[in-house]
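Multiple structures follow.
Here come two complexes built around subunit A, the first alongside subunit B, the second alongside subunit C.
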Partner chain A sequence: MRFVLLGEQATGKSSLLVALYGALVNRRAGDVRIVRTVDDVEFLSRGLLAFGRQESLRRTEVDSDASLIVELARGDQVVSLDIPDRSGELLKHMLDARVWDPDLLAQIRSAAGAMLFLRADLLAPGKAGPKADFDSVLSTEPAGPTEPAEPDESAETAESETAELGWHPGLMPADARAVDLLQSLLDQRSRPLPLAIIVSAWDRVSPSPSPTAWLSEHVTLLDQYLASNADRLPHAVFGVSAQGGDFATGLPSQLIGEDPWDRAYLVDSDGVRDTLLSPIVWLLDAAM
Partner chain B sequence: MNAVDQLLFGYRDGHQLIAASRSLSPRQQRDVLPHLDASFDHADAQQLVGIGVPSLDGYLLARIWPAPELPRPGAVWAHALLLSTDQLVRIRLGGLLGLLRRPLNDQFECYSSALPLPEGIEHTAPPLLTRALNWALQSAGDSPVIVLWDSPDEAETALVSMLDASPAADRMVLSFRTRERARPSSPYRIQVAAAVAGPLGDARDLVFDPRHPPQASRKPSAS
Partner chain C sequence: MTDESQQDGSEVRLAVDDAVTPLLGSELLNAEEAGQLLTSSPGRVVVWMGERGSGKTTLTARLYERQRLPGEDATFAGSRTLLAFEALLSQRLPVAGVSPTLADQSIRAADERNIHHLALIQGEERVNLLLADLPGALFRAIADNQLALSSIPLVRRADKLVLIVDGGRLRDPATRASVLTRVRQLLERLAADDLPHPDSDLALVVTKWDLVVEDAETLAYWQAREHQLAANVRELHADAEHVRVAAGAPASFPQDDGVGALRSWLLAPPGATPDPPVETQEWPDDAPEQTRGLRRRRT
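On to the complex of A and B.
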């Protein structure tokens, strides 16, 4: 069973995979246990070592072919799980170019579920989009060596108009980009796609509402879109801190000395602490 | 004809185009991005990439370096020369390696205009590696090739020499990449690396190891 990770750069995809792997091999996964790892897990082991040293993970390069491929047991049920770890830049450039990456498209069409990653501290009030850049569109041409997207047959007029305005998809705020992605995704699937919304860097959310309430307040457009398409995108929202805190500013004193799999935590849609495997368990249930 | 376009990619809210002597559409940027990004085990390593990019109607020759001075772990710099079809066919390519420069101190202006083509600069590749590359290409058929070699500098010189020596009609489709550890099933015709990353599994790659002539070749998928 394949679950696809969807998120732009630095939204916590690799960090969650590493934390998941750490929870599985160190038996912090509730009633889910790992039966065997199927593929090379060097990047996961290296990630756990980095977390142990209180270092953030290296970014995932665009042509990475890494995956978390494991067999999991949950009660009497054994499930093979394949979660490819794709670069966030791949998705970013795909949205900017408005053309599907062929590999990601194939994965989306066959996936049993997906996780959509949003980073809490980048969607705080005033940070939800490149407002300054967007304002500049009103008076100036865009900076840098970027040309407007090559015209698609179906969008030639729109491309031309946006080029005249100096607008490009990179100026869309994060919630609009997420909705744009999901709309494109639904165009490619006839079947519903169970979707776990992962709000990463949850340790930076203060005061801490439930993830559902946070989504409604901070990513309103996405929240409304999900509500309107709940039949095709059944979803649940989770808050995740894969590191347990911010390594740059220092971990909370009570976490210093803890192992990475004990520092990482997750809160479910209602804000209640649960195991890091909760989104996987939710996706498995939704997909079956 | 006397100047070659250049691109600089680096990390700025994601790995992206930082400076260039020509404009690229988002789709063209997406097409070159996988060839201008890398993961490194060592901070002093580098990779060389050569590949034809149909959407640019040109050939990309690029070098990639780690960028540990940038705040995001794993960030890299990539400086690429974009050769037109005409340039790829007509000019001597050996001197191009000297044009590839890692940016220093956020100075990007020098990447915004086309570079004059160098003249008369040649490098000598190790004969053993040169022979191994030629033999690997001729004997591998359509299979991708991994050649094991310890010196990245020698690998770079040998690969560009190989491109120079190839028939003009074949150059656009002759792709290569140096890595610290070669990856099975990569999109490049040839990889040169000191080791192979992970098991080959069902990969079609043929591995040649000219460092140890008695065991000069093996076919992993058939063993």
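On to the complex of A and C.
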């Protein structure tokens, strides 16, 4: 069963993949366990090593088209899971160029489900709107899932580029870009696509509403689009902190001595803590 | 996609290059694509008719942008012209004049891309709004009887025809009378071409209402003439709607901007009373008899 990860640069795809692997290997995945690892996991091991050192993933690791291919057992059920992680740069280029990447298109057509990544700290209220400095979402250096953005510098770049080039799709706010992607995706599929919305850097959401409420408030257009198309895009929203906090500013004191898989956490649609595997479990249930 | 000739030269066929699959929503729609959309789900073809700079493009942009506000009673369900909407918004509202992407003559050609698409859900129904401008140059040519309205396919096909009164031009004593004249000229042209069809709707929309109400003299001018103009519209279409819209008003504007009311009218099936029902307000006792009961909204 294939679940595709969808997200632009620095939206937390690779970090979640690393954290998922860490949770599976280290038995922090509830009633889900690894039966067999199918593919090379060197990238994921390096990611776990970085998290252990309280370092974010480097750009080369984030945009490396990695994947997690494993056989999982859940109760009596065994499923083969293939989670390819396409680079965020590729997705950005595709949306800007207005042409599907053939490999991603093939994956989308055959996928049993997908995860769409949004980064909480770059979508403060109003940031997804038309007057937002949305380009900061797109041009942030993807040093890691909770690496601070540099909105001022990005804004200057966006402004000068806009003045020179006029409007282009890369200037769309994050909510419109997400809708743009999902519309094009549905246009290429005849079957529904279960969709887990992953709001990464959840540790930066304060005060912490439920992920569902956060989506409604911060990414309104996407929220409405999902509600209107729930028959073709059954979905659930999760908040994830793959690192457990911000390495740059320092982890909360109670987490400093913890292992990476015990620092990482997830909250479900209602804001209740659950295992990192719960989006996968939700997708498996939705796809069957 | 590439052309491929057969050896005997008798046939030319198209070979599809599978490696190039365009993403959805990159361009405005042409009439054929709009028609295809309407075959799959309910829709309304809307044509804005007004002078250049009267706020047509702003209405289109605001209908989309409005969906980002919390608590709207219509839900965004998608757009085949998402990029065009976003490009419009980036021009920083209010927008004066037609979009630079719309050539003045383009609405006359069936293959031109000049239609915005916005899918909304209100209640249980999903409705495709297909929004087209009648460019200013065409508007004037029609008003001056240089061109028949019926020669414009989209106008003939329209479910919702919207006559626009530019509230901004009402503020200028030099131009305000011509605003009324243009509307009445259009009414005459519509009548001459048996438009709108019995199963289509008509509305008189006053744009830039914030500019009208902030100037007492302008407001008085308009109030003195509004009843009669509305009556003229209703002579053509008994159920004509009358909406005041301040789509480009600053956030400090104390009244409702009217965009929600306009949207409800657009989403309502032609000939149907919108849900929730349109507010009906009695005209003052001194209003002409024929204007009493005209449905209107305070915005």
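One rule holds in what follows: the second predicted complex is superposed on the first by the 243 of 288 C-alpha atoms of A that agree within 3 Å, B and C clash if a C-alpha of one lies under 4 Å from a C-alpha of the other, contacts with A are read in each partner's own complex, and residues count from 1 in each chain.
Following the convention adopted for this analysis, a residue touches a chain if its C-beta (ideal position, glycine included) is under 8 Å from a C-beta of that chain, and two chains touch if they have at least 3 such contacts.
Remember, it's a predicted structure, so these values are computed and weren't measured experimentally.
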Let me test your reading of the model: by the given contact rule, A:225 touches which partner, first (subunit B), second (subunit C), both or neither?
second
Which of the two partners, first being subunit B and second being subunit C, lies in contact with A:47: first, second, both, or neither?
neither
For A:57, using the defined touch cut-off, is the partner it touches subunit B, subunit C, both, or neither? Pick first, second, both or neither.
first
A:9 contacts which: subunit B (first), subunit C (second), both, neither?
first
On the A-aligned overlay, A:169 touches which partner chain: subunit B = first, subunit C = second, or both, or neither?
both
Touching partner for A:239 - first (subunit B), second (subunit C), both, neither:
neither
Partner chain in contact with A:217 - subunit B first, subunit C second, else both or neither:
second
I'd like to know which partner A:92 touches here: subunit B for first, subunit C for second, both or neither.
first
Show me the subunit A residues, by the header's touch rule, that subunit B contacts in one structure and subunit C contacts in the other.
94, 98-99, 169
In their shared complex, at which residues does subunit C touch subunit A?
18-26, 65, 67-70, 75-80, 82-83, 86-87, 89-91, 119, 121, 126
In the complex, subunit B touches subunit A at residues 11, 13-17, 19-20, 22-30, 33-35, 37-39, 72-76, 112, 183, 185-187, 198-199
Tell me, which parts of subunit A touch subunit C in their complex?
94-95, 98-100, 102, 105, 128-130, 162, 167, 169, 171-173, 175-176, 179-180, 183-184, 187-188, 216-217, 220-221, 224-225, 227-229
The subunit A residues in contact with subunit B across the complex are 8-10, 40, 42, 55-65, 87-90, 92-94, 96-99, 101, 144-150, 168-169
